[in-house]
Amino acid sequence: MAYQQNRPIKLTLSELSEFTDSELRGDPDCKISGIAAIDQAGAGDLSFIHDGRYQSFLSTTQASAIILPTKLADSYSGNQLVNDDPYLAYARAVAALFPPHEVLAFIHPTAVIGEDVAIGQDVYVAAHTVIGNGCELEDRVRLGPGSILGDECVVGEASILKGNVSLGDRSRVGKRCLIHSGAVLGADGFGFAPQKNGKWYKITQIGNVVIGNDVEIGANTCIDRAAIGSTRVGDGVKLDNLIQIGHNAQIGEDTIIAANAAIAGSTKIGRRCRVGGAVAIAGHLEIADDVVITGFSMVTHSLRPAGVYSSGITADDNRSWRKNAARFRKLDDLFRRVMNIEKIIKS
Amino acid sequence: MAYQQNRPIKLTLSELSEFTDSELRGDPDCKISGIAAIDQAGAGDLSFIHDGRYQSFLSTTQASAIILPTKLADSYSGNQLVNDDPYLAYARAVAALFPPHEVLAFIHPTAVIGEDVAIGQDVYVAAHTVIGNGCELEDRVRLGPGSILGDECVVGEASILKGNVSLGDRSRVGKRCLIHSGAVLGADGFGFAPQKNGKWYKITQIGNVVIGNDVEIGANTCIDRAAIGSTRVGDGVKLDNLIQIGHNAQIGEDTIIAANAAIAGSTKIGRRCRVGGAVAIAGHLEIADDVVITGFSMVTHSLRPAGVYSSGITADDNRSWRKNAARFRKLDDLFRRVMNIEKIIKS
Amino acid sequence: MAYQQNRPIKLTLSELSEFTDSELRGDPDCKISGIAAIDQAGAGDLSFIHDGRYQSFLSTTQASAIILPTKLADSYSGNQLVNDDPYLAYARAVAALFPPHEVLAFIHPTAVIGEDVAIGQDVYVAAHTVIGNGCELEDRVRLGPGSILGDECVVGEASILKGNVSLGDRSRVGKRCLIHSGAVLGADGFGFAPQKNGKWYKITQIGNVVIGNDVEIGANTCIDRAAIGSTRVGDGVKLDNLIQIGHNAQIGEDTIIAANAAIAGSTKIGRRCRVGGAVAIAGHLEIADDVVITGFSMVTHSLRPAGVYSSGITADDNRSWRKNAARFRKLDDLFRRVMNIEKIIKS
């Protein structure tokens, strides 16, 4: 189920200067019908220079126009869009060139729709979807094929679920969200009470998942429903693929989390945080606003104040690593030996 | 496909004291119609205090009744259920208030069912399921929408597959299991023989997956079929989301594994183990019964005897981390220097 | 949707010696109708000894024939296939005993097929699949139930998609590939431009995913489409389950990656690399050909030349670990103290 054009529409450089809020230098009527990296661009393509690394290609590029920061603009004589945030300008240009498909009201005959489902205007429901009782699909929602909504789910205006997405009962998705294939929202949180006989007693998970507006959720990412109350993902949050968000976790607005990260239950992450890939954060912690956690870090205590936090040791050649890693297990001993030496020297 | 009530049934405090095996203090006829955290509970809600942290809310809570341990019971004058395992009592209370839906025999007309499929009593098969030849669904099984069973699968009595679950050929699921959306059981194990030309030759995986009784399997978790024989998950095992269980692994009874953990092939984990989130365990190892592995640990050798095992260094501020991590790569060198100093001092 | 026989066909030892390119010793007409581990094999089974560990079972095994390396062949008097690469010979024998099902041209009536879809000969399309406009399925392709292809996808000759696989628009899969259930190819890459207001602006991802020939992709693995251009997985690559491949990454031919690994965007991995489970590789790096990265390593810089690279510290008993891990955070300080001692001693 396509949600954007597979091929760009044609725009003039003048139109693109408006879309990207850039200063136009050169031919306003230059037709742009594609976007490409500066070393691969051809006639009709718009390209961009994000940083100095690609500057050398300016003399050889075949691009019809280039997005450049002011400091590089004078060094290029061809058509250009001058913008001091060329990456953002590029983002706006791609969005303009590959606009979303017009949404047509359509419900595939193979869709299975429960009772009391409210469906807004221009809603698209693809083949083999299953929608539970009492769901609400607001205007311009698009459900991809094979998506499954439990009972009483709400999907907000203009939100898109790609293929094979699963929403548990009473999940609430805000407006303009994009949920990629295989994501599972609202599976049971992982809660079990230990019993004296060594068996686990399941804590029935009666909460739900509440997703804000403008949230993107990656493929095969899982966000569990709360034990009681709601697991909450704030407005503007961006989640990559294969992420685990445990029950009752709270993710603050505009926080961005890279792939394979795991956020355990009841942890509260602040606003505008950046969490790297494969980071693991233990449960019941608080991460302050504006915290950056670099990739592959292990977080077992709350992180305050704002700042950059890290752990992990990068790969070394195996021979060196073996020696150092073996020594690590004697590190406490080494500290004691050094303390001892210090005593001897002082005495 | 709901499997429990979305809204609680009403119970009296007297009924709940029986369900939870607790001592009732207060009004036995008090009607309970919900459950909530102590600081958020209102009239009709049951709440609980699991540990001392929330004790201060006892004076202000609006809950109609509270589950309390004996040592706190006297400090509260309202309705209460006294139980020295308040967490387990809470678990039992939620289960009583949100009982499973009655299972009705139903096969959705869009379900595609192969030949020679045996279907027990009161089996529910949701829309867009696909069931291979020779499968057996025991009494009260529920298959959620979009679930796919290969040939000759067995799903035991009262087990539930949520949406978009995939079972490979000859997978066997025990009784009373709960498998969450997107889980994949019985995909091929990862086995390839190296060839002289640098290409890999696939080892055809002819084994299967065998899941015991009372097992819960999280969303998007993968359990591969064995190369030969069976990958086995024992009775009472609880697996969180996004876990990898490699081919021929064996997970002992009542072991619990948190999200994003990876258990490589042929590793045997004992009974009643607790494996933290994002733990990685190499292949062909043995983990003894009653081993606890804390989150984000790397396990490359067998772990015996029972006990708690850990690795990983928790995140530090980036500046300190950079310095320490750089030093790590000279750790062996440091040990040698200290040894040298010790020699000098002794001499 | 089975793709290989669930039960072995019968072959003579003579036939198997041809399939496995082994020297036959014993009865050429011995009928083989199964394959099993040496300590579990019975009459009719073929078994194998891969290394010395299982040699002791030679005197007691009930197997009808055994694959053995030359050095062990003389110590066994029963039927045998002598091959100095017994693991590869075993792989060939299993493949011969469990051949793929004959592919029959079949399109299930519940399949939903878009416009201008080209379907080759002997293509099998299972129930509840959804195929977008302009797709091309080459000869002998098999699409498992619930699989979803976006627009303009190409699936090459004899490739198999198992159940609930999702391909984004314009994904291209080569010949003889095997993609396991729940895999998602061609979801959007994770690209957002920061804005001054703290919000993220989505970089529309206009690229695609291109998979070579003879590639295997594990269950619930995600390979994102490129921002511009293609994310590429080379011929003969083998990917395990729950792997993340970021946008614009390039995976070289015959590289093998174990479960739960995460390869961030724009990283280029060479040919014939072996990447262990749960490895995390940062973005924009280059990994040389023939690099081996051991499991759970963190890779934050390019790795050259070929060789084995590692990081991570294996789990220790919790008490020792606590002491050593605490010391780690004072490691830089320790180096300074030792330097100071060295100065004092020298002076």
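Going in written order, the chains are labelled A, B and C, and every chain counts its residues from 1.
Assume contacts are C-beta pairs under 8 Å (C-beta built on N, C-alpha and C of every residue); 3 or more make two chains touch, one makes a residue touch a chain.
None of the values given here were measured: they were computed from a predicted structure.
If you draw each protein chain as a dot and join the dots that touch, every dot ends up joined to every other dot. Although subunit A and subunit B share one sequence, what matters here is the overlap of their interface residues, and that overlap falls short of half of the numbers used. The rotation that brings the Cα trace of subunit A onto that of subunit C spans 120°, given to the nearest 5. For this pair, subunit A with subunit B, the centres built from the Cα atoms lie 25 Å apart.
Across the assembly, subunit C contributes residues 110, 128, 146, 164, 182, 220, 242, 260, 278, 312-314, 316, 328, 330-331, 334, 338, 341, 345 that each touch 2 or more other chains. Chain contact summary for the complex, subunit A toward subunit B: residues 110, 112, 128, 130, 132, 146, 148, 150-152, 164, 166, 168-170, 182, 184, 187-188, 190, 192-195, 198-204, 206, 220, 222, 224, 228-229, 242, 244, 246, 260, 262, 264, 278, 280, 282, 292-294, 297-301, 303, 307-314, 316, 320, 323-324, 326-328, 330-331, 334, 337-338, 341, 344-345. Subunit C contributes residues 1-2, 4, 6, 8, 35-37, 40, 85, 87-88, 90-92, 94-95, 98, 108, 110, 126-128, 144-146, 162-164, 178, 180-182, 214, 216, 218-220, 236, 238, 240-242, 254, 256, 258-260, 271-272, 277-278, 295-296, 312-318, 321-322, 325, 328-332, 334-335, 338, 341-342, 345 to its touches with subunit B in the complex.
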